[in-house]
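Every chain is named by a letter (A, B and C) in the order it is written, and numbering of its residues begins at 1.
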Amino acid sequence: MARSEPGPASTPWTHWRRFATPPIEIKGLHYRYAASETEALRGVDLRVDEGEFVAVVGANGSGKSTLARLLGGLDKPSAARRAAACGHDLLTERGRWAARRAVGVLFQNPENQIVGENVEEDLAFGLENLAWPSERIRARVDEMVAAFGLGELRRREPHLLSGGQKQRTALAGVLAIPRKVLVLDEPTAMLDPAGRDEVLEAVERERAAGLTIVFVTQEMDEVVRADRVVALERGRVAFEGSPRELFAAPALVRRLSLGLPAAGALALALADLGAPLQPLPLTLDELVAALVGTSSGSGS
Amino acid sequence: MRTAIAQYYPAESALHSRDPRAKFVAVAAVAVALFTRDSFVALAVYGAAALVALAVSRVPLAWYWRGLKPVLWLIALTFVAQLFFVPGRALVALGPLKVSGRGLELASYLSLRLIVLVLVGSLVTLTTSPISLTDAIAWLGRPLRRVRVPTEEIALMMTIALRFIPTLLVETETIMRAQRARGAAFDRGGPLRRARALIPLLVPLFVLSFRRADELALAMEARCYRPGIVRTRMHPLHAGMGDWLLLAIAAAVIVLASLL
Amino acid sequence: MKGASERAGAASGVAIACQGVSFAYLEGDRGVKALNEVTFSLSAGATVALLGPTGSGKSTLLQAMRGLLEPNEGEVRLDGLSRGEPGFAERQREVGIVFQTPEMQLFAMSAFEDVSFGPRQLGWPTDDVRAAAEEAMEQVGLPVAVFGARHPYSLSGGEQRRLALAGVLAMRPRVLLLDEPFVSLDPVARRELAAVLRALVAGGIGLIVATHDVDHAWALCEERLVLDGGRLVASGPWRFGDGGEADLVQHRLAVPFPVRLWERLGRPLTGAPRSAEQAAEALVAPAARKGSG
């Protein structure tokens, strides 16, 4: 529902276009902070196809947040062979402005994203910036309120919202502008479990509707649901593949200072005691199935 | 954590539904008129009009009283200053202090005028949501754009400032408590000592505020904001018959007060 | 000024109890009850997890326990003493509290100076202040030699959090109140912090941790207080088995992972493992031990 823009009917040309211009196409991306000697990103390649859900992980300082900002056109790359978001060239100012329209970015701190004096006003903010006519804004805000379950909170002031409600509001505000890509920078880091679930549910809905998603996170349980994981290490891509492949390499996980999903950590502890489970289970269900399948787990 | 600043009391009344620009202009005109002529009769007219508006606004009197409380000291000070220190024939003497007839007259007039002024101001702030007020000010200030005054941006700044006041208050309170738990004392010693004692409060507050500004700016840019753009509004201002009527009534009141 | 050996003996914590504590703050015209007749009693040296969804009153309760706000009703007792009784103020100074955002505490130009603030405010002689600050920084894994001169805001999130903790440890508290210490930390930083806390507990400090990281709470703490909407809905040692975990699920909290696993495997929940390593050991152990719970 974030993609309510009318588009051409599917033709061989549009199919080819889909393949030829992926939403995110980055080659050799470099970024250096103004006052810094070291580069935050040192030659990152990243390609995200339409509808994909890509997780980006890495230790603090690995460049994840910097990458998220650049993908949204919010900052200027120091250099790149190619840097395009939805076909817009991130190396030019005009391209970046266009990218801000097509790529939505949700940040970590729910408090510092809400501008409006109440939920409704905040949802309208982005659309007002795009100079949409008032009736279209009102209709779109109604849509978002319905889609994100904000009906009761419509007129509520931000400081009276819980963390999860704030982040849901912020997400609705970001997606009020119809987007092709959604980038999330550790959106659940400051939330309690209930708030996390609220936000993750909303993201899954968008994913199911076909939105391309880049999800930066430190929570390994959130990584498991991704189609693909990109792991950064000191500004470079150190790994790219499926979550399963990543977690099946504990030495790599350790080197990159990543954790494991809870099930994986437990399975790893078993492996250390000489009772490995193959393949490495990543969810509670998989762990239970693996244990019940062997002799050391059954409880009855 | 509520403050008295820009206190808004939501309700359904003839005043609440008026265009904020009309309210703003009406009140500004009355405020100016109040000061152009010193006359009890004029003041009585304005006072009566204010009381009528008060009744129409459907806001509980307690809220108007709350708006007066912060300036009570000023009213009292004005009253006392005029009462005792205006020369003239003494009506009553309390030791060395003389209360002159003229003093009593002035004291009453100035105090009452202050009260009417505050009431009239409260009529706007209590019946207009902060965002409508900033919209009104932005619209009224549009001519200033010709001389490069960024009225739109200022209006947005005011909206954001208002939105963050409760947040800032909580943060300040929390920082004070955290530092108090480490033995900081904010209420001891002379002015110099107290100023130094504020450092553990001010540094964190500034750091958090700068970080907030950074993050908020980024979030706003991510939603396609940039200074200088022309923005539409979800609820645009729309002046109707009722608003012109309000302006007409205000004008009538001013004319009446001037003539009597 | 307490030396290390004295501290190990005396640092058996402070017994904190709340009796009918209620606290409301004003929101516009209405009073919002942050705490509603909260009553519980903790023994000295207890390790307690304070659980509850955001807005349930955890922060308010911690602050009330430290005396940073006055309850509208009821009272907080430290070692059985009420406010105003001799010895209460002293006990209160021995309750250390670390807030959720380290940036709310850090203000000095160097890490060492910041950590020294607390002991200096307590009026300790200069040498004692220095010793306490150095020891505190060691305890949290930020050795003075490396981190002392660093500017607090140049440190990473995890380091800042540990620095704020050091600032409180330097005042030699006997019990530590922590408000959401794990939020926003990456997994490595969380593990490091948990290790620091475990070492502190082993040294005799009492611990009350408000957190929604239920897995770390389960590993660190022997008992829990569960708040929901300002009311205390559960207290005492963790209770899984006989539907005990309904405490958590009913109040929208997560259940620790090892416990969820044990439940799925049909194993008895009393004595469920506290960590991944313990769980692995229990799984690998001979099957005969399994039924004894």
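Simple rule for what comes next: a contact is a pair of C-beta atoms (placed from the backbone, for glycine too) under 8 Å apart; a residue touches a chain by one contact, two chains touch by 3 or more.
Just so you know, these numbers come straight off a predicted model, no measurement behind them.
J.: Using C-alpha centres only, name the chain that sits farthest from subunit C.
T.: Following the centroid criterion, the farthest chain would be B.
J.: Can you check which chain pair, B-C or A-B, has more C-beta pairs in contact?
T.: When A-B is set beside B-C, the one with more contacts is A-B.
J.: Express in whole angstrom the distance between the two chain centres, defined as the mean CA positions of subunit A and subunit C.
T.: Centre separation, subunit A to subunit C: 32 Å.
J.: So the centre of each chain is just the mean of its C-alpha atoms; given that, what is the distance between subunit A and subunit B in Å?
T.: Those two chain centres are 44 Å apart.
J.: Considering subunit A alone, which of its residues make contact with at least two other chains?
T.: none
J.: So which stretches of subunit C touch two or more other chains?
T.: Residue numbers touching two or more other chains: 27.
J.: Give the residues of subunit B that touch two or more other chains, as numbers and ranges in rising order.
T.: As it turns out, subunit B has residues touching two or more other chains at 211.
J.: Subunit B touches which residues of subunit C in the complex?
T.: Subunit C residues touching subunit B: 25-29, 63, 66, 68-69, 96-97, 99, 101, 103-107, 117-118, 120-122, 153, 167-168, 171.
J.: Under the definition above, what is the set of subunit A residues touching subunit C in their complex?
T.: Interface residues on subunit A, with respect to subunit C: 59-61, 108, 160, 162-164, 189-195, 218, 220, 257-259, 262-263, 265-266, 268-270, 272-275, 284, 287-288, 291-292, 295-300.
J.: Can you tell me which positions in subunit B touch subunit A when the two form their complex?
T.: Counting only subunit B, the residues touching subunit A are 129-131, 159-160, 162-163, 166-167, 170, 211-212, 215-216, 218-226, 229-236.
J.: Can you list the residues on subunit B that touch subunit C in the complex?
T.: Against subunit C, subunit B makes touches at 1-2, 171, 174-175, 177-185, 199-200, 203-204, 207-208, 211.
J.: Can you list the subunit A residues touching subunit B in their complex?
T.: 69, 72, 74, 97, 100-101, 104-105, 107, 109, 111-117, 120-121, 124-134, 137-138, 141, 157-159, 170, 173-174, 177
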